[in-house]
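Below are structures written as structure tokens.
Both of the next two complexes hold chain A, though its partner changes from chain B to chain C.
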Partner chain A sequence: MSRRPGFVLEVDKSAPPTWFWNGEGFSLETLPEGSRVIYAPEPIEPIKDPYRAIRDALLHPVGDRDPLPALLRPGMTLTICFDDISLPLPQMEAPDVRQMVIETVLDMAAEAGVDDVVLIAALALHRRMTEEELRHALGDRVYDAFAPSGLLTQHDAEDPSNLLYIGETDQGEEVEINKRAATSDLLVYVNINLVSMDGGHKSVATGLASYRSLRHHHNPQTMRHSKSFMDQHRSELHSSNWRMGRLIAESGVKVFQIETTLNNDTFPPNFAFLQKREWEWSLRDRATYTATSKALEKTPPRLARQIFHSIRSPHALTSVQAGEVEAVHELTTANVWAQQGVAVEGQTDILTMGLPFICPYNVNSIMNPILVACLGLGYFFNMYRGKPLVREGGVVIMRHPTRPEFHPGHHPSYIDFYEQVLTQTVDPVRMSKEFEESFATDPWYIHLYRTGHAYHGVHPFYMWYWCAHALQHVGRVIVVGGDTKAVRRLGFTPASSLDDALEMATDVVGPSPTLTHLHNPPILMSDVQ
Partner chain B sequence: MTGGSVSSSLSSLTNRVRATRFPLAAPPWPASVPRPDPERRVGLEYDHEWSRRYPVRLARAIVVDNVTRPAARLLAPPTIRGLEHLQHIDGPVIFAANHASHIDTPLLLTTLPVEFRHRTVVAAASDYFFDRTWKSVVWSFALAAIPIDRSRVNRKSSDTAAELIGDGWNLVIFPEGGRSPDGWTQPFHAASAGYLGKRTGRPVVPVYLHGTRHVLPKTGEAGAKGPGGSGTESRRGGRLRRSPIAVLFGAPMTPDEGENTRRYSDRIEAAVATLAREVQSDWWQARRSVSAADPVPGAATAHRGPEASAWRRAWALDGPPSRDRRREWPD
Partner chain C sequence: MSTLLFERSLPRFAAARVVSSFGSGRGAGVGPLRLVEQDAPEAPAEGWVHVDPVLSGICGSDLSTLDGRSSRYFEDIVSFPFVPGHEVVGVVSEAVDGAEGVALAAGSRVVLQPVLGCAARGIEPPCPACQAGQVGNCGNLAFGHIRPGLQTGFCADTGGGWSSSGLVAHRTQLYGVPAALSDEDAVTVEPVACAVHAVLNAPIAEGDVVAVLGAGTLGLLVTAAVSHLATTGRCPPPSALLVGARYAHQQRLARELGCTEALPPDQLPRAVRRHTRSLSYGGASGMTATLSGGADVVIDCVGSAESIAQSLAIVRPRGTVALVGMPGKVSVDLAPLWHREVRLAGAYAYGTERGGPAPGGGVSTFALALELAEALNTGRLVSATYPLTRFEEAVAHAGAAGRRGAVKIAFDLRKGQTR
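Take a look at the complex of A and B:
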């Protein structure tokens, strides 16, 4: 059967209840008649021979770039950078697409006799990856060849000796990136473009940058003018990165960009029901749902978290393109849209969403309340092109337990942000002025970022800025089933059930509101007309 | 356990099953979403060959003889007439019966002599009994059912049935194409028993099943769930109820020289109608009334009921036959 495109269901009496994520659990909710439910397109058929496709892409680059072998020569310095643990979600089944691409690049480098090769995980201000995570992303062959001799490194945005100041853009944005990457004869960047925000000039200008550089676009003003940051042409976040990227190119840094897209086959067959339309659930799906949901009710959250994070996604490669950054990214964005785009007619008064156990910043970790806000209002809210799904002044209803739990090793500054900043203000602008710098320059957070597996001290601010557009746009945010105190701390309204939340929402949007539910997984992008 | 408590338990079980909702029950299909062509091979495409393999036949025979037959006897004590017609014919044959209830098939199968019972397939509506995989499996196993298209003449259906008859399988078919809405017989389709009888050259045995609609009425039967009713009628629809039945087998029929399928089918229908009259009286009276009505058997002799209002048609139908009815001899 051919792949079905995305679909918008008009809920009527005959429609079955709708599936919602609820953190490390899920539920079926009955939506009011007349509601809309947006379903993602079905997975694109994967490339049958990924290694061949990757090799073809490297041999036939797009834009103003020679084939990769022609760029490689003995005696040159080659740096291969790659996306970190935040992509893809959940972690994909081995072999990871980064492994496949990097192995192919290294084969060509070996053939050309390139000796000076360094691999860098482009962390920006994210936490460092563990050996296990690196091995999963790169494969044992690559890890064992480079890590023991110190040639597999992770970008350190707080190491002045390994940062290079490139200059300022015409908008006064300072550009400072990883010195090894900037001074290499060739910088190969390996992307996984899970969503349309990823890739392009953002790869180098953000992934290899320092706080000094990142603060120019990771701020409330930029995020409020990114409508949305998933739509490059209407995103100030991208505009800033593009200015920086072009400056980097003009300074002589030669980037060979490799971007890959994956299909949205997100969960293995045992969890097939997670991404099926409810009325198509088979007997097995229903049995699995019932057994799993009942079991999860009895499972301690810590154990449930471990179970969910151990899931490996069957994501498969659907396209690979290589060459000059902007030419590559244009193709990539079209391929991402082909997989995720759904046309939707008009906005809605109320947008509902179930939030899963995972977001880009809690892989193998805990989804703390700040990340809950970021996933709902930062990511899901922004998964649109054209207009936001919810109208200005509308209501967003999210379902998530929102427990006030933090991973002390991964998110130490989040704890203080939650206790010291959110108790004072939930206004992104105010917190950026009053609190950001002290967190960003705190020596203890910097120490934990550089030597442990902690996100940078400023990272929770960025997560909050990610919500800035939504916070400015919507009239109220309601969290169903969340910890009451934690939800209030975020400045949101707690509700015990979806019915209660809908009742509360009518106070803001009036009686008989329209409702749209963003069904996930898999992730989708709404093209709102 | 009394009949009343059995009925009560069954009702309770039925209510529970009906009250089950998604995800325990199958999800409803939204009215606004078109159903895709089924990828699974169901309906006419269902492969039922497995249901006639020896291990399955053995399992079915065990179930039919030890579960279905005793249960049928308990639920619907039968009066059986005309079995002598089956004693001297060699199979395979085509059993052409009237159809008033879903219970017709198991009741008819369990009244067949053992030499027929375990080598008989049943023509079942593909759109009802074979629309889901699980239903296809259940009915193929329990009744050795094969899917037929009841809405139109279908070459695949008739080819399948003819091949099975050719392989020595008896066939039960309901030429009306569906259950009677009110208990009276509907016109027989020419492309069913008459056509298969002519095509295969095998005899057709007319069968009349009486009273089965009292055992398991058709849901939505006129008066059972009609609008404006008192509400009490709806309790009857689709529920099992203990009631005696009668099964009458007629003499095997073959087509006359030069007789076309339509005519042959009418004759089969008339034979079933004669059996229906026999339930009310006796063999002789039934034949006398048929001859008086239409010396040449045809539509006028059919068991179609008066052309009158629904209640009068219902009134004209007799109740379930009494098992203890005694023939009254003239003094």
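Take a look at the complex of A and C:
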């Protein structure tokens, strides 16, 4: 049976209640008749022999690149950089696609007699990965071969001795990246393209950069001019990264880009009902939903969080392409769209979304209120091409508990951002001017980023900037079921139920508004006509 | 005429101590304070005049006394029975030359500088502190022609502000109240003077990070004093003035009075760390641990074991912790004080501050306090007033001021005022 494409349901009397994520839980909500619900396409059939497909891609690169074996020679320096813990979501079942790609690259390097090989996790300003996380991403064989001898490293954006200033773009953007990567004879970048924002020149220009470099595109102005940042061709975030990437290439850094795409088979069989369309739920699905939701209601949030973060996704490889960065990324983007794209006719007055327990920045961690905002207004709002799903001045309604809880080890500067910045302003521009630099250069945050597992001090700002386009576009943001104080701290409006939220929304968008629900999981991208 | 009289009664002390363990101020009804009919005291000597209180505040030290929790240190410099009330705005009954020789007409509004120093006690020559204008440091608080008492409101011979029959005050204790000040502004002048004295004696340098613990009356007025005195050039401007304030209304007032940030007390160490760009020895989650650096000056307006410990955790090596809130017997680990060479300094009352109109001269703390009270409208801190007959409610309200959204509670002794 061929897979079904994405689908827009119009809710009528016969439509069952709609499933919403609610952090480490979920609920069924009755949407008004006439509402639209957008469902993602069904998973693309995975590649049956991933290792063979990877090898084939490395031997038949696209763009102006020789096959990988032709680029490898004895005595050369080879650096393999890879995407970090922020992808994919949830973490995929072993073997992780990074492991499969890197093992293949290493086999070719060994065959060519290359013995100066270093692996670098391209963290940018994300937290360092733990040994367990690295083992999961790379496999025990790779980890044990490289980590003990210090050849498996994690990019340190605060280590001046291992940063190289490349120069300035024609727009005056400073480019500074990891020195080992930049000075190697060949830089192989191993990417997972979970959403269309990922990959391309962003892999190196962001993943291996320093704050000095990142601040040129991770700022409110850039994000407000990225409509959306999931659409490379209308994204100033990408334009900036492309200018930087081309400068890096012109400076002589030879990048061999390997990009992969995964299907949207996000949850294992025991959570299969999460991905089904509600009217197709079997009796077993309904029973599982009821039992799971009742159990979760009685489970302490901390335990529920552990349960959900222990899930390993059955994501499977759907494409792999290798070679020159831009040529590779064009194919990758098309493959992402094939899996995630849904055509949607026209905008909506109200956009609803249920937010899950996880986003790229809280893997094995806590979804704090800033990340809730970022997931809803940064990621989900921006999952469009063409026009935003919600009209200008419209309302976004998100469902999430939004507890004011933080992981002190992973997000120390988030706590201070929440207590000391958001209490004074929620305006991304003002906070960037008044607070960003002091957080970015704070020696304690830098210490924790470099020696612990903390996100960089400036990271909560970036998460807020991710919301900048949405904050400027929508008339009101309502959070259903969220901690009242925390929701207000974010500058949003709390509501105790979806009905209340819809009533509040009419103050902004008028009576009889149109409503569209972004169904998740799995991830989808709306192509709004 | 009604007067609240505080008598020495061990059973009532004990009862107040037990009941107040359920909440400060709750023991007023069973404690040594009672409402009596009593005439005003006689003037003990020449230079003393009768004052009719208009408003009289309830201070943290009053609450400690009523709760039976004040330090035994004060036993020898207090005489019983006494009428509490040392935060007083009143009306002077006859013309008199007040403090600094300023003429006050009969019926003038005055605020009371309550310390009973050498001049009030008729001691000649005055002690070195009084000679230097530092009346708060007077060494003769138990001597002279009145009985012991560190202040009006703790002395058996002077009466106090919690009385409609009035009190007696030495002329040097009286400062005229400008017409621009409301009674509410004026009743805060005494605690404002405490705050001004504390700030001007703290070694604040330009660009320092200053942290204030507590945002009751004293904490808010210290905040106001740092802000105002920096604006007027009497205190070097700090780069950040951070206030730990438990309640939302306290945080709002602290911001209105000029602090850089007002935040819950448990967040104060994080704010100090960030503003001083310090590291924390406790790692990411150890924000209760000592900082590598810290605030240059910490002004503790609480005076509890917890607040002193927090002060020592957030002050920088060789920094200063000023104790403005009245401490009692506390148990504190002084290892950080020793290891980091921190200076722990008391800040009590008022006197003469540097920077008077004449070169090298001084200016009385009360003169500065009157100026600040007018400039910042400190009467806004007076949240509620009560008649003496409802003293139990008043004291309970004062004891729970923060929780109940209040700051300063006062007795209203204006004729015809019934609430």
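A few remarks follow.
In this text, the second predicted complex is superposed on the first by the 529 of 529 C-alpha atoms of A that agree within 3 Å, B and C clash if a C-alpha of one lies under 4 Å from a C-alpha of the other, contacts with A are read in each partner's own complex, and residues count from 1 in each chain.
One rule holds for everything that comes next: a contact is a pair of C-beta atoms (placed from the backbone, for glycine too) under 8 Å apart; a residue touches a chain by one contact, two chains touch by 3 or more.
Keep in mind the model is a prediction, meaning the values are calculated, not measured.
In the superposition on chain A, contact is made by A:Gly409 with chain C only, not with chain B. In the superposed model, A:Gln420 makes contact with chain C only, not with chain B. Of the two partner chains placed around the shared chain by superposition, chain C is the only one that A:Gly452 touches, whereas chain B remains out of contact.
When the two complexes are overlaid on their common chain A, residue A:Gly113 makes contact with neither chain B nor chain C.
On chain A, the patch touched by chain B and the patch touched by chain C do not overlap at any residue. Those residues of chain C lying in contact with chain A across their complex are 261, 263-264, 267, 270-271, 273-274, 277-280, 283-285, 287.
Contact residues of chain B toward chain A in the complex are 22-24, 26-33, 36, 39, 134.
Residues 1, 7, 9-17, 28, 278-281, 283, 286, 289-290 of chain A are the ones that touch chain B when the two sit in their complex. Touching chain C in their complex are the following residues of chain A: 408-409, 412, 415-416, 419-420, 423-424, 438-439, 442-444, 447-448, 452, 454.
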